[in-house]
Amino acid sequence: MANRFFVSPSPHVHGEMSTVRIMSDVIIALLPALVVSIRVFGWGALLVTAVSVVSCVLFEFLIQKFIVRGPLTVNNLSAAVTGMLLAFNLPVNIPLWIVVIGALFAIGVVKMPFGGIGKNLFNPAIAGRVFLLIAYPVQMTSFPSPTIEGYVDAYSGATPLAAAKAGAVDFSNYDVPGMLAGAIPGSFGEIATLALLLGGAYLLIRRVITWHIPVAVLGTMAVFAVIVSLCRCEGYAMLYQYPLFHLLAGGAVLGAVYMATDYTTSPMTHAGMLIYGVGIGAITMLIRLWGQYPEGMSFAILIMNSVVPLINKYVKPSRFGAR
Amino acid sequence: MMRTFPIGGVHPSDNKKWSSNSAIEQMDLPDVVNVPLSQHIGAPATPKVAKGDKVRVGDLIAEATGFMSANIHAPVSGTVTAVDMQPNGQGLRQMMITIRREGDEWAEGIDRSDTIVENCELTSREIIDRIKAAGIVGMGGATFPTHVKLSIPDGKHAEALIINGVECEPYLTSDYRTMLERGRELIIGTKILMRAVNVGKAYIGVESNKPDAIKHLRSLLDGTEGISVVKLKTKYPQGGEKQLIAAVLGLRVPPPPALPIDVGAVVCNASTAVAVYEAVQKNKPLVERVVTVTGKHMREPKNLLARFGTPVEALVAKCGGLPEGDVRVLNGGPMMGRPLVNLGMPVMKGCSGIVVMSGADALRGRESACIKCAKCVEACPMGLEPYLLSKLSRRKDWESVERGDVVSCIECGSCQYTCPANIPLLDYIRLGKQTVMGIIRTRNAKK
Amino acid sequence: MNTLVFTILTLCVLGVVSALVLYWVAQKFKVEEDPRVDDVEKMLPGANCGGCGFAGCRAFASAMVSSDDISDLYCAVGGADCMKRIADYLGKAAPVKEPLVATVRCGGTCEKRPRTNSYVGASSCAVVSSLYVGETGCAYGCLGYGDCVAACAFDAIRINPETGIAEVDADKCTACGACVKACPKGVIELRKKWPKNRAIYVSCVSRDKGPVVMKACKAGCIGCGKCAKVCEFGAITIENNLAYIDPFKCRLCRKCVNECPTGAIKLVGLAPLPKKTAEPAAAAAPKPAAEKPAAPAANKAAVSAEPETAEKK
């Protein structure tokens, strides 16, 4: 018999999940938003994304090749996802060298020193973005107006949240369809809310993410906004207009669906995910309403990232049959 | 609304199509059989025959050693040629009785006719004694002696009987064919088991991917008091004892050392129920069973009724032989089955199937870094944290492994099945469980 | 100016207050401990290998300090010198022990013990041994997945990629016994360490009967007993089809080596005795000639080591 016998412990079959499949699903889910961004801001969006992805992949490759000397993991696409998410958090007219520095920080400082994929404490893309925001505040906050027909430049390049911070927004009179479609200034990946939600649905269907974190983040933000609105006694209409504004403006959806759900930096149990999501939602709203910055999603995610090991330690899944 | 267990679970492709339509076929009698003395959980049986003895089919050749053990009967008639150590399917040597077959002569008092005997007026004690005498063990693969399971300890009492016709393991179809072809016997067996544990309610749990079995059993049951067929969602491990109880009765068995009887449930496999019928009504000891021989590249997958001791090699040959190239041959299903190092292994009481994985399926994917995706936590039907248990086990931090409730693990393999990084989670968790259980045993012994 | 003064003042007050709190806490929760424990711990090698049976070097040190009779306590890593120093410091009698070395008793190399199947799964001897016989037909021998390597704190053991068997570097080995505990097959034994790392041992632990051993491995002990018959010191016993050479009775005379039909008795650091049976001269001749000077020396070493052993017993 020419058979070669293989022996292994059970189980002897494996599902179709793989790291590469998960990462490529995330990339696929981000594509509709990229298409909208290109339509709204022009080819610059694609250029920034390409530069970011290429530099993230390149830095990871170089670090593994020459510094850490571990097995190469760039082919699992995780660096590409980091690159894409980092780019989505940048204004479209950002100088490309800044993008490269952001990628270097994300990969070289936040991801690889901790041991690479699966071991980093903070979300590399967000940490990269926050680093750039602090290092290059001017370039990072000058958002160009969309170059799309029909866009009314009401806020002269200020994002809706920045305008709201300045007290220049009439919440009852903003353009909801325009915000859904992405016709607002902002980081080029965060504006296309509808496309991002579409990608989110794809991720849910493919079982890449679960509903817990996005729903907890967005739900908390909405509830927070309703309570604030109630306290301010602004009338019934504001009870839905104000939360809706906060969900559509800024990076709420991008953060809740794509950034907060990053596997490595989010909790392992459903209960933990809910705690984590509520924390992100609440901190985001606190920063947005009373903080220095108009947008707080990135900071909220980073802060909650640091709590994740604690959550994992104390929030355990409910054991079967345990009382 | 289909019922299912509350947490975790995975959906492997069931791959039952290859053998589900082939009717049970009688396997040719082998010329020589090796009958292991340990075909069940508990102490190996004590041999009652010596070299040179003549035996008939159904003669007791090895007797249960103590309560937690099971009788073993001659599966063929002929001469005992050796009582010796022989390699088993894992290549390890264990005691086996070797019999050279001469004809097919059965012991007296065994009713081999097809007539169905409906009525049973025996008491609980008498039924359990007959089951014990016949050497019946759980035939789903766990091989827990059935008389032990049916002997309900003082102070506890059974509320309901559940017949496990789930067969959630992919590939396997032996229980399915048994339910279709031996449905009436199965139902009588169920009634006998109800008498044995003194309950008025019985449920036959079947997964939704076997609609004809559900239909068939329901039509046979038509109007029978107390027994109902429960359609369960197709989800692995629906047939796990604790999962099945949760799905059917909505009760959760507490963590070990608690047993199903603590929530008033007794679970028996469907094939076991048929064996119980044969033992109690026809006086036939357990000498044969249905074995599914299947695999993606097997030429003729079949469900074979084989005598114990028949070498797996003969079964595989009957089904067209092994496919060329790389193979991984399993005793049992692909989720929990044990691998074989050669085809010399004899068919045993718990051998529900021989699955041949071939080509690329014989190998495993390459392990990569854990990405903390939490899919293993989501998939665990026992609410454990496989990623953590596996990591701690690898570090030999047995205290933390124990604190992580590793003893609750049912080794279903859902975590490893779902892991995108191909980490051998269960390999290490099983090691941790074995070590921790050893530590607990020594600790209890010291007390 | 005011701001500066206030800042400095506040910080100073804060500093003083915290210092007081810390001092109070330190006093309140002070653990009385014999200062000698610290000194003894410093004298120990600090490997925390657990070879002594204690949780770590500190636990061992406090046991040494607290017990009156330390003859049962021994740090194999530190060795006789270290124990002597500590005993002198503590004013107690130094525990003495024969120097030992971990020995891998398996000769089933890839050629001698052919692979019958391929294992794919967690790379761990413990996992494999609880699953099945292993990649070869031998249920007793070295599996080669390196649980011992992972257990060794001194980098003294490795899996030889050519033989697939664990190998001990006798110079690095401290006889802490971690590998002995880690090996699920019980292949590794701590044996007496002879000068110049010389050794004679049965390189097999198979308790299977002869024919079964022969089928699985060409280098296994078949329990024939020829070695026991030639041993003049009663060092060799046969139990469960397996020969065992007691390292404390053996005097390295090497007679048994030539008797073994399968070559299961391994000889290290010594030239074998010339064989009586006619051997192809070309292969055998140059070797003894080259190593001959070593042989008498070895005998002397064996003899000189012997009284020591006797004294201790």
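Per-chain numbering from 1; labels A, B and C assigned in written order.
Throughout what follows, a residue touches a chain if its C-beta (ideal position, glycine included) is under 8 Å from a C-beta of that chain, and two chains touch if they have at least 3 such contacts.
As the structure is a computational prediction, the values presented were derived from the model and not from experiment.
By number of C-beta pairs in contact, chains A-B lead all other pairings. Put simply, the chain farthest from chain C by mean CA position is A. Measuring from the average of all protein CA coordinates, the nearest chain centre is that of B.
Here the spacing of chain A and chain C, counted between their Cα centres, is 54 Å. One finds 43 Å separating the Cα centroids of chain B and chain C. Note on chain placement: the centre of chain A and the centre of chain B lie 48 Å apart, centres being C-alpha means. Residue positions of chain C touching 2 or more other chains, listed in rising order: 116-117, 120-122, 127, 131-132.
Across the assembly, chain A contributes 4-9 as residues in contact with two or more other chains. Looking at chain B, one finds that residues 338-339, 341-342, 363-364, 424, 427, 430 touch two or more other chains. Contacts from chain A toward chain C in the complex involve residues 4-9. In the complex of the two chains, the chain A residues touching chain B come out as 1-15, 17-19, 21-22, 73, 76, 78, 116-119, 210, 263-264, 266-270, 316-323.
Those residues of chain B lying in contact with chain A across their complex are 6-7, 10, 12, 170, 242, 246, 252-255, 258, 322, 324-330, 332, 334-342, 355, 357, 361-365, 368-375, 377-378, 380-385, 387-388, 405, 408, 411, 413, 416-422, 424, 426-427, 430.
Per the touch definition, chain C reaches chain A in the complex via residues 116-122, 127, 131-132, 135. Of all the residues in chain B, the ones that touch chain C in their complex are 87, 90-93, 338-339, 341-342, 363-364, 394, 424, 427-428, 430-431, 434.
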